[in-house]
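Labels run A, B, C and D following the written order; every chain starts at residue 1.
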Amino acid sequence: MPPSVSVFGSAGFTGALAARLLDRHPSFELVALTARSDVGRRLDELYPHHRVPRELEALDIDRHGEVEAAVVAYPHGAAAPLVAQLRAREVRVVDLSADFRLRDPAVYSRWYREHQAPELLADAVYGLPERYREQIRGADLVANPGCYPTATLLALAPLAREGLIGEVIVDAKSGVSGAGRTPSEKTHFVTADENVNAYGVPHHRHIPEIEQELAELGANVRITFVPHLVPLDQGELVSCYVTLPAGASLPDLDGLYAEAYADEPFVELAAGPPGVRDVRETNICRISAHHDERTGRVIVFAAIDNLWKGAASQAVQNLNVMFGLREAEGIGVGASEQREAIR
Amino acid sequence: MPPSVSVFGSAGFTGALAARLLDRHPSFELVALTARSDVGRRLDELYPHHRVPRELEALDIDRHGEVEAAVVAYPHGAAAPLVAQLRAREVRVVDLSADFRLRDPAVYSRWYREHQAPELLADAVYGLPERYREQIRGADLVANPGCYPTATLLALAPLAREGLIGEVIVDAKSGVSGAGRTPSEKTHFVTADENVNAYGVPHHRHIPEIEQELAELGANVRITFVPHLVPLDQGELVSCYVTLPAGASLPDLDGLYAEAYADEPFVELAAGPPGVRDVRETNICRISAHHDERTGRVIVFAAIDNLWKGAASQAVQNLNVMFGLREAEGIGVGASEQREAIR
Amino acid sequence: MPPSVSVFGSAGFTGALAARLLDRHPSFELVALTARSDVGRRLDELYPHHRVPRELEALDIDRHGEVEAAVVAYPHGAAAPLVAQLRAREVRVVDLSADFRLRDPAVYSRWYREHQAPELLADAVYGLPERYREQIRGADLVANPGCYPTATLLALAPLAREGLIGEVIVDAKSGVSGAGRTPSEKTHFVTADENVNAYGVPHHRHIPEIEQELAELGANVRITFVPHLVPLDQGELVSCYVTLPAGASLPDLDGLYAEAYADEPFVELAAGPPGVRDVRETNICRISAHHDERTGRVIVFAAIDNLWKGAASQAVQNLNVMFGLREAEGIGVGASEQREAIR
Amino acid sequence: MPPSVSVFGSAGFTGALAARLLDRHPSFELVALTARSDVGRRLDELYPHHRVPRELEALDIDRHGEVEAAVVAYPHGAAAPLVAQLRAREVRVVDLSADFRLRDPAVYSRWYREHQAPELLADAVYGLPERYREQIRGADLVANPGCYPTATLLALAPLAREGLIGEVIVDAKSGVSGAGRTPSEKTHFVTADENVNAYGVPHHRHIPEIEQELAELGANVRITFVPHLVPLDQGELVSCYVTLPAGASLPDLDGLYAEAYADEPFVELAAGPPGVRDVRETNICRISAHHDERTGRVIVFAAIDNLWKGAASQAVQNLNVMFGLREAEGIGVGASEQREAIR
């Protein structure tokens, strides 16, 4: 009997995608989709291409809390109280908000607001499987990383572990789906089309999350991080400019990255700079690393689909790890993957 | 002393563009910009690329009515009362709404709502200069045509005049700016990007306007008209499929169109199907007409910029005609145009 | 032991996608990929997102002809000789070109060129499974339909069968991938971006194919068909304007279409006009039909992905039928589909 | 009598735009358009939206050399010999290639090839009017800057002059027109659409040009510069990350930039990050500068239209300066500009 799972907050882009992936997942039983808007409508009215013919329900925690697992796709701040209710019912949770990503509630309150469930922070595991796979296995509360931190940390981890990050600047480019489903001037087609510009300058909220995790890897740096909006729907590229610490010598980048990711099913190394098209609608992070001998810097690019590896499919990856399933189940793309699943 | 003009409803796409064109117009004095939202903000905050450093003001009819001319860019229904107030002050008006396009108030009320100023209908001239230039010259109230009717009527007029339209189907494609500035699910980048679909099926409100004017040209037909949204910002293409009346013989299309538009500064005939890129940010309508000998039908394409010839620059063209100015003043594109203006 | 299959002409958009789908297909063994360009390169260099790590080989008919099935993705004219060679070796072929779609070689030569293998025409089955499923089952040579005919015929078949088509005009909109992989002025980003225009006016080569199949369904009509290029990569919408025969009465459209497609796994009926986003990267054709009571016409829209249902995934659908497999195998999208496949 | 000018190499994107601007320029007489492809075709066939009804001619240096001024839009390497021929006839030249931008022929040959006319280097003036206005006035050979250097140098000059640049990383994003008119896999719509990726890593040819000019301003730095292709046609954004020299204190950025550009007609300071839409089809560079107090870095953004200020309209700006005309003539956008020109 497959574990039961519900998606809380299914009307938004990431919740809806999580619902789609779990609806077709061979080893989970999708029970319910709750939503804070569009209650009573079917998900395939809102998102025909997801083809999930299920109704969105208003939250009824007593009823909806009767599941083994939950994906919570609420906004920052709104997520924590719901997660607390679910945890009180012993539901194992993957939370897509920022609420449980920062270990220090003081940092959280500086960048967001006062934390609504600080007592749960100690239990939360940062849900980047390539980094915390073992801890996720036993976790009851997994804080799914932000899209930018996912790409940035996968890009930088091999360097950080080797003590090779002196300074780092991250210039990120994201498709418009990253701004969410709510219509606004920013997401209006006529604003975003034929345009590129930076936003969240200079203090985007993903900064403390990236710095926290780089520090865990041994790199205590203050980063400059600037995201830009580009005219495409799904996809995200981070361009990381690393200055080595004084005295450090340039590593064999190819060897370093090949070794770091040899066994990772969802990290792909590319010879040249990756394009976001290469990873569209996949759980894959595609990376290339380059020496700039003129300046001694290292340049690393990482491309992901912000809605997939940057949110919903990574949530499913985390669920797979938490429940002891094959990690690629329900989110794999390769031939071997599908054949293995089927035979 | 150039005539004074104000733009009423300057915060939307078409009002803002009218403001830009009039701000730089050599023969009008732009006095004020009123708006129903964003009052107190400057137009160049909302639309940096228009570069009009003027503040949006709340409407004060006593003060703002003291002009010789007005461009009204209010929504359908809301325009008529304001136009009535302006006309009571003898301001000459170009109205961008549908409120004065339909001569018969019964038709208006069937497609829109009860008319708010039917007493003005008799004075209104349909503002397609290529058709009603003489009447516009003396008019005090000009109803600027809708974007689809503009392109469709310019495409079909030469055939209609010759009694060559038996039946006609118009398939239109428009950029997203045609849906206006208000953010909505429809105008969200993620909805419109990589998408094409029809809307307003089967009863788009531009139908009665097109049928009225075709009838004036001698073609009493009921048209099928279907607009589609395509992923671009500005631009509109109409593809018109004409079945000739029984017994009519195929005309010399090239000759017919060349003669019809020989003296028109803003109609351009193309050998092959026009692209909307060809007319972006111009007041030009680019047309090609083709025989389909297999079926005997005539296919006519017309491309315009929906915000320009489909709205704001055509409004300026109308103002030029009304005030006896050179028709291309402030909206011309060619070399001869600019040189003439300057020397 | 699954049947062996090779893809001939894998470097183009449709051949590459067929290779990807067959590489992961649970019931075919993909043996080789041949190509006419890029020989020696791996498919995942050309198309990283397909993730098929296989080398493109120059054609060696003796070696490559040793398979049970072939997908041929050669240009029109070039396909016929290769198909003849494969058939001589008793390989069962799905051909993506136009070479075997037209039953009458005289029609073929009028629209294309002299036919290179007319002796095979009698054996060829038109590969629209929703129409010729039984014949495809036993076929050794299946002519995969063109993308426009696929959408148009699925849109019109229910009307054609009931004798409800008097006249029909088809206005089609296609993404740029329909123009193929070869770079040209037409496919240059700067030409296609922010643009819409018609092409192939008035004699696009898909016309005879559509007319042939409409006639088979009982509708002997000459159609007007005009395709347009729109700024998106994959996706195609046909807007069909049908005038009923004199004396015919308007049918119950919803009932007619629901009945026609009740058992079709890849035809989806929508309440409102379908968008091409709704079917991106699927084998699904999404259809809506509408009465226009003012004119008595019927308007039918059909959206497909031109590379999928319009080419490569329909080829796999045909292979599934030919080899007695479940029709959705390797190309399904729904939850039930995947679960069924896996358990 | 206005000075005569011809455009050499008018078939490409930048040459064609220069031809359009000069065709309508009130104070130049455009004599001829030469081209290396498409000879005999009219420019308005290739680029309908430019509306320049003139024929492209094969180069005949004896005939075409009889002008007072020339814009040369040849590829790097091919330009120098033509410029030498024109200079031998005493034609005053603005060259759009890289051939005369680098003062040191050894640097040129390291990044490009052996220089074909090194004897002219001493006469060449780097054509960034905001920097070298006085020298351009008297120059006979002006090397029009590259698009990336234009935006980067305008972004960084105020800091460089004050000795505030310790290190700098430039992450640039460009529309596809920057890759030129020649169709290729890179410029294919299906490659560029829904994509972002870096190119020219880590050694793009604009690096030595930027470093040379930063050094002239007092900043002897080795820069990291990485351009990215984004899915839009025209527009370019540079994001510059500046680490101050040890011991330098953060300047009053607003004051610094306001003072630096107070009198510049084509530099615009914005409060927030500029978008490339804001400068589309203008000669304007729009800049914002920001402190990142957490890291002490300065972040500067600059947006231009790569074909305009990044190439063709800057060439006209240079011609205006060379011939003592008003600098905005033929390329101005504002109200005051046009009115001044006309009265």
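Observations on the structure shown:
Going forward, a residue touches a chain if its C-beta (ideal position, glycine included) is under 8 Å from a C-beta of that chain, and two chains touch if they have at least 3 such contacts.
For clarity, every value in this text was computed on a predicted model and none was experimentally measured.
Note on interfaces B-C and B-D: more C-beta pairs are in contact across B-C. Chain centres here are means of the Cα atoms, and by that rule the chain farthest away from chain C is D.
Between the Cα centres of chain A and chain B there is a gap of 46 Å. Note on chain placement: the centre of chain B and the centre of chain C lie 40 Å apart, centres being C-alpha means.
Computed centre separation for the pair chain B/chain D is 37 angstrom, with centres defined by C-alpha atoms. Among the residues of chain A, those in touch with two or more other chains are 191, 193-194, 231-233, 274-275, 277, 280. On the chain B side of its complex with chain C, the touching residues are 167, 169, 171, 173, 175, 191, 193-199, 201-203, 207, 222-224, 226, 228, 230-235, 237, 239, 241, 243, 272-277, 280, 290-295, 297, 299, 301, 303.
Contacts from chain B toward chain D in the complex involve residues 23-24, 26, 48-49, 51-52, 194, 270, 274-275, 277-282, 286, 333-335, 337-339, 341-343. Remark: chain A residues 13, 176-177, 181, 183-185, 187-194, 231-233 touch chain B in the complex.
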